[in-house]
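Step one of this worksheet: look at the structure below.
As written, the chains take the letters A, B, C, D and E, and residue 1 is the first residue of each chain.
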Amino acid sequence: MDWNTMLSYDWGAMMPEFIILGTTMILSILDLFWPKHFNRRKLAWLALTGIILACLSLISLLSFETVSILSDTFRLDSFAKAFKLLLLFGAALIILLAEGYEPKEGLREHRGEFYYLFLTALLGAMVMSSSGDLITLFVGLELLSLSSYILVGMRKHDRKSNEASMKYVINGGISTAITLFGMSYLYGVTGSVNLGEMSRTMAAMTDGQLQYIMGLAFFMVFVGVSFKIAAAPFHMWAPDVYEGAPTPVAAFLSVISKMAGFVIILRLFLSLFLTASGDTFGALDFLDKNNIYIASLAGLTIIIGNVVALRQQNLKRMFAYSSIAHAGYLLVAVATLGGGYFLLDTVWFYLMAYVLMNIGVFAVIQLLSSQSGSEDISILAGLGRKSPYLAMAFTVFILSLAGIPGTTGFIGKLNIFLGTFITEPGHFVLAGIMIAGTIVSYVYYFGLLVQVFFRPIHSEKVIKIRPGLYAVLIICVIGTILFGVAPNIAFDFIHDQFGDFTDFISSK
Amino acid sequence: MGQLHIYQNNYLIVFVFLCLGILLPVIALFLGRLLRPYKPTDMKYTTYESGIDPFQDSRVQFNVRYYLFGLMFVIFDVETVFLYPWAVAYDELGLFALIEMLFFVVILMLGLIYAWKKKVLKWN
Amino acid sequence: MNVYLLSLLVFSPLLGIVMVALMPKKEERTIKQFGFFGTLPPLFLSFFLCSQYYSDVALSIFDIKLNWIRFGNLEMYDPKLFTVDFELGLDGLSLIFILLTTIISSLAAIASIYIKKEWKGYYLLFLILEMGMLGVFTAENLILFFIFFEMTLISAFFLIGRWGFLEREKASYSFLIYNGIGSAVLLVAILILFARTGTTNIAALTQMMTMGGVSLFAPISGSMKYGLCLAFLVAFAIKLPVFPFHSWMVRVHAEAPPSIVMIHAGVLLKIGAYGIIRFGMGIFPEQYKSLAFTIVLFGVLSFLYGAFLALVQTDFKLVLAYSSISHMGIVMMGLGALNEAGIQGAIFQVISHGLIAALLFFLVGVLYERTGTTMLPKLGGLAKSMPIFSGFMLACGMASLGLPGMSGFISEFMVFLGLFKSQPMLAAIGVIGLVLTAVYVLRAVMLMTFGKNDSLIEKEKWDIRGWEFFPALVLLSLIISVGVYPNLLGGPLQGTIEAMMLALGGR
Amino acid sequence: MTGVPLSAYLVLALVLFCIGLYGALTKRNAVIVLISIELMLNAANINLVAFSKFGVTPSITGQVFSLFTITIAAAEAAVGLAILMSLYRNRKTVNVDEMEMMKN
Amino acid sequence: MIKDLLHSAPSLLNFGIFFGLAVLLLFVVLGFVTYGILSERKIMGFMQMRVGPNQIGGKWGLLQTVADVLKLLIKEDTIPKKADKPLYILAPVIAFAPAFMVLATLPFTDAFQFADIGVGLLYYMAISGISTIGIVTAGWASNNKYSLIGGMRAAAQMISYEIPLVMSLVGIVLITGSLNLNDIVAAQEKVWFIFLQPVAFIVFFIASVAELNRVPFDLPEAESELVAGYHVEYSGFRWAFFMLSEYVYMFAMATLTTVLFLGGWNSIPFLDFIPAAIWFGLKFSAVFYILVWIRVTFPRIRADQLMEFGWKVLLPVALANIFLTALIKELLNLF
């Protein structure tokens, strides 16, 4: 690997990452050396600029052919492009959210740190989505995790925040260890950490013992990742962490971090297990044989998420459970593999919908809770009368989360259902659970709307919305409705740009 | 086979040293027991502190500095984990690796500057 | 111009929505006026379509089809696979329902004058509701149908929960949950069809399901067809509502604001009947046929059950609510008769009940506005204080119990005509219901108009006056004209029913 | 050294991993929990190195991977302890059971 | 014979032979420690213009240290009531065992070396780090404020200086491309690394003094502040083992310095008729002498100066040295 090899690499493929990295470093230096009285809030705009630049460079890379550099550890394939686009988009929204974050206490001294820790987390997620081997994947995952541990504990003097981050560290640590242990077995049975190579080895595997280990590895990795996406029964941390974390961080966890979890699942499962052989005769049906476990986890997640959300009084906790449920819906798509035709665009679209609606909801929560100092459901009361536009925006998000037609959430769910029904035999039980979960979710989602529209006004204080939050709300509302009414904009985009994601496995 | 045996024997030696390192104190202390007197009085077993028993447990909260240095150590010690293999293989890696490592170290230095600026390295 | 007429019709309430949205909150009068004006464009457009029909223009020229959504990327198999187009269409059946919708909406908008608060939000939701209903009746594919269907659901949820009576929140919740379950079942059925066939176009689906040997994207077994048919039936039976699924509807009728109940009883419930005809009967005629007995059975059950319970209610709104259940039982009976008379009767019943219920609830609204109660024991002697009102009430009651010359008679007569042909036993049992209907209607109306009660002090100017005549008269005249000249409806329906009969094996 | 089969390393790693998991799930002291997590990570390291030497297709990658793992374990420990410290400052406890401010 | 032994399959016999040899080395080391201490005291005496030990064992006090050891051996052993007994007993072992273990890989001459393992340098660094644990354990187990603070200080100091110590050696590794100590010595046949890596040497030497907890970096056992640091509560032979490990480390560190920077047993040009062992001995003695010299010369520095010096000066310098070395090497390759 000499100078020439280095020059021969297409470094442009890593441009978005470099931009984010550079922004992070600039931000951290600025935060360090700028005088104390300087308002760190302005750094948000710098961070946003960085993200937008990265986004632009990514867009300019869209027409790039699939490249893999650094001996196939870093791949820029359509999968990576698609998910990075989403990650950057979500990140931009969350930065705007954070810009307007004004809690009763805290974040004053650490506001500057928030932005660059956030960007490092984003960087981790981006690296993950482009990773071509296990090491990059793992390092990206940990970059994301470690940054988010700190982000959760950002409010250093708030006990809840401390507790939340401690819980997150412990749970995250355990899950990391389990994932890693699984990965070590994967390495053991294939003798490589390159995903493409591993997939070839695993497809050709006929040794029963090795397959047994592979199964073990599958479970371990899956359990570890389930922690990350907060799938039941590994979801226990989510409500506590969401409650304790600053609101933008909670939004980040529920959107970006979750997305990253699905990125690993897809990367690993699609490139490794989908074509792994499932028996000693070399039939490539490993995932077919084992997706019952994913499916049951998905079902369980949906049930627990929705049912427990019913009795939550704290908004953030409620949305923690709601996001657990949504992870369940997405897992349905993974378990059914989108029926074989819809997997990646389903997951992508759903995640995009989720970015829009969930960040929107968190924007409203943040606005109301920082103004009233409480996170109880009752702070929503009378919002419909006090500020009807905000209430309308909130309604749009909630309807979308509930999967009501005309919103992105509906199209997303529709996609998932298509995948469950298209196969023969169809996954009717899973679909049944999902639909039942949706109905149950109506109860608590509409319970919020009842607060908003049917209850007397909670406090007369005028709600001041910072421009950043305004932007978030407007973007989210427009996006939620637009992609609900004309989802083809998104579908055409992914089909035109990314085709069928066929360059997923084949290297170079 | 020869190479392997050398390899194994060398580590056997290391193991021998480990055993010896543990055995010596054990034996010495055991022998010492035979030689030394044993005349316990209460005073002998008090903690050394102005002649009276300390009022409370000595294991009070440590200064937070110690932890911070501990954390710093962990981070920078791990940095060397990467520096060593890099240094060993540097001949084969060349300029590219140098730049890569520079990148890595600059980021870590940023961490050091951060700690410096945040007064972590101050001992008070 | 023709091509966009239907979309224009469906989205014409948007004009009103924009107008209302732009008004400041406080302008009560203007908002109410604009809200009403907002219902006029669809009304006129539907009249125009109607006139087109009567001037022998084929309704199919109004069909519109635009590319909309394509799921997945399966272009290499078939460019139309997994596409959902934006397609609206019109036939006789939907034309009638559209007319019903636009007329009742306009009248309900007038009746909404009694709404006491937040007119802006009310009218916005009201117009969205109308848009949803119009969409439901013109949608040519299942996904589009479902979208409009849910639109009505959500807007009605808010309308009930915000502007209803005391127990409104509970009512809106049970409305939401029941209908949510119904629509979930519907959605599952729709999506199974979509996933397995790759299309949601109703015509295409009908073709695929009725003809054998069409290659599907994934197989649909015979039992699955039964399941799907049943799913459609259950989904729409909840909406209708039929006996075991009815409890939500009672609450809604009792708690929702009268103007919304006008729409609810007048149009929303009818979506159930429309759906059963279009999807249950239309797409799965074979399966539907074999389920006919069950359908009639449930029809009879709810007919009798509703009538019995209506007999013992003390709240007039509840009497009406149970009578709606009962009348919807008649619809089911007619639909299960599987012959021309039965189906025609059922559709007639749907329309006629729509008109009658709208009028009754309009009167309830007027009554509540005056007296502040709808409890039968508290009312009474209205004939003295409100003679004109009582006259309308009486006429309406007569229509409801099926007095000849009113629309109710035609429909009930035809339903029983059909049913006696195909299921004489059940028809015979059903007849008991007719008697019960007469009893409870008369009991309630008599109690109100002639009952002894002095608590309501006679007051001047209590009676129906001014603009209030308009809705009442329009509705009553429609009821009578349908009753006198049934072909008004029979004509447009002819084609649809014939097609149905053909599919059902023309008995 | 050929006398020691691969499975021995794997069993050792598995045992360590299980001890770590047990500790992480049952211990009440957060420090011990963190140590248990480190134990689990190190068990994975043993696996990686063992596979890299005696695996089906031996390669150096396993050792490289373990280097990265070590780094990450260190970073995780650092972050974990830092958070624990700030928790301790506010709560005066490192007991996991006492972290119960948030209950639904 | 040793060569054959190394080539044979490892067995219990090998173990026995190695054990015997190791015991031999142990006695050598013990001898060194005994007379190292004496010589230190003598040198100090000389520098401070006094005589030093001169009563026992003739004019030079040759048996002074021996007597000291015997005294320690027959001293009563006390363990404070409040101490954590198991840890208290374990601590000296943890402190001593690694000190002895590091000797296993050090090459004294080309012929006299025990284990020649590929990662000798890393081995030394890794094992020597364990001693810190022993010291902290001792401080903790004694349950005494002085010892606890002493132990913590020792730990903080040792870990802080370990980093520059380790990093300063990266330059050498860069040049030799190996972690094997024999290779490193072989690479110095022409030029010693003290000339090629002067910066590294300075950093290394300062850090090594700090690692050894010697003046001016002897804060953990600063008599005037902390009574005796982490071993306040220790007496008799338990205490002796802390001392022993300290001096064994001194022995090892002096050896390592010789090996890494002074060319090990390599001779100065034209003087290669002198045996390697003597060369080694000379260089070793010189390092040892300098260590003692420093002890006598410098005053103890303050705790805050100590830490800041390590992190803010030594670490950046060490890092800079690494890149300078790499860059120069690259440039030399280019031209």
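Convention: contacts are C-beta pairs under 8 Å (C-beta built on N, C-alpha and C of every residue); 3 or more make two chains touch, one makes a residue touch a chain.
Here the structure is a predicted model, which is why all the values come from computation and not from measurement.
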item	value
Chain nearest the overall Cα centroid	A
Longest centre-to-centre distance from chain C, chain (CA-based)	E
Leading chain pair when contacts are tallied as C-beta pairs	B-E
Chain centre separation in whole Å, for chain C relative to chain A (CA means)	43
Length of the line joining the C-alpha centres of chain A and chain E, rounded to whole Å	52
Gap in Å, rounded to a whole number, between the CA centres of chain E and chain D	32
Rounded Å distance, chain C centre to chain E centre (Cα mean)	94
In chain B, residues with contacts to at least two other chains	7-8, 70, 77, 94-95
Two or more partner chains touched - positions in chain C	none
Chain D, residues touching no fewer than two other chains	75, 82
Chain pairs that touch, as defined at the top of this document	A-B, A-C, A-D, B-D, B-E
Residue ranges of chain B touching chain D (in the complex, touch as defined)	4, 7-8, 64, 67, 70-71, 74-75, 77-78, 81-82, 85
Chain B contact footprint on chain A (complex, rising order)	1-3, 5-6, 25, 28-29, 32-33
Interfacial residue positions of chain C with respect to chain A in the complex	67-74, 82, 118, 121, 143, 146-147, 149-151, 154, 157-158, 161-162, 168-169, 173, 176-177, 180-181, 184, 187-188, 191-192, 194-196, 217-219
Chain C partner contacts - residues on chain A that touch it in the complex	339, 341-342, 345, 384-385, 388, 399, 404-406, 410-411, 414-415, 417-424, 426, 431-432, 435-436, 438-439, 442-443, 446, 449-450, 453-454, 486-488, 491-492, 495, 499-500
Partner chain A, residues of chain D touching it in the complex	10, 13, 17, 20-21, 24-25, 30, 33-34, 37, 40-41, 43-45, 47-48, 50-52, 55-59, 61-62, 64-65, 68-69, 72, 75-76, 79-80, 82-84, 86-87, 90-91, 96, 99, 101-102, 104
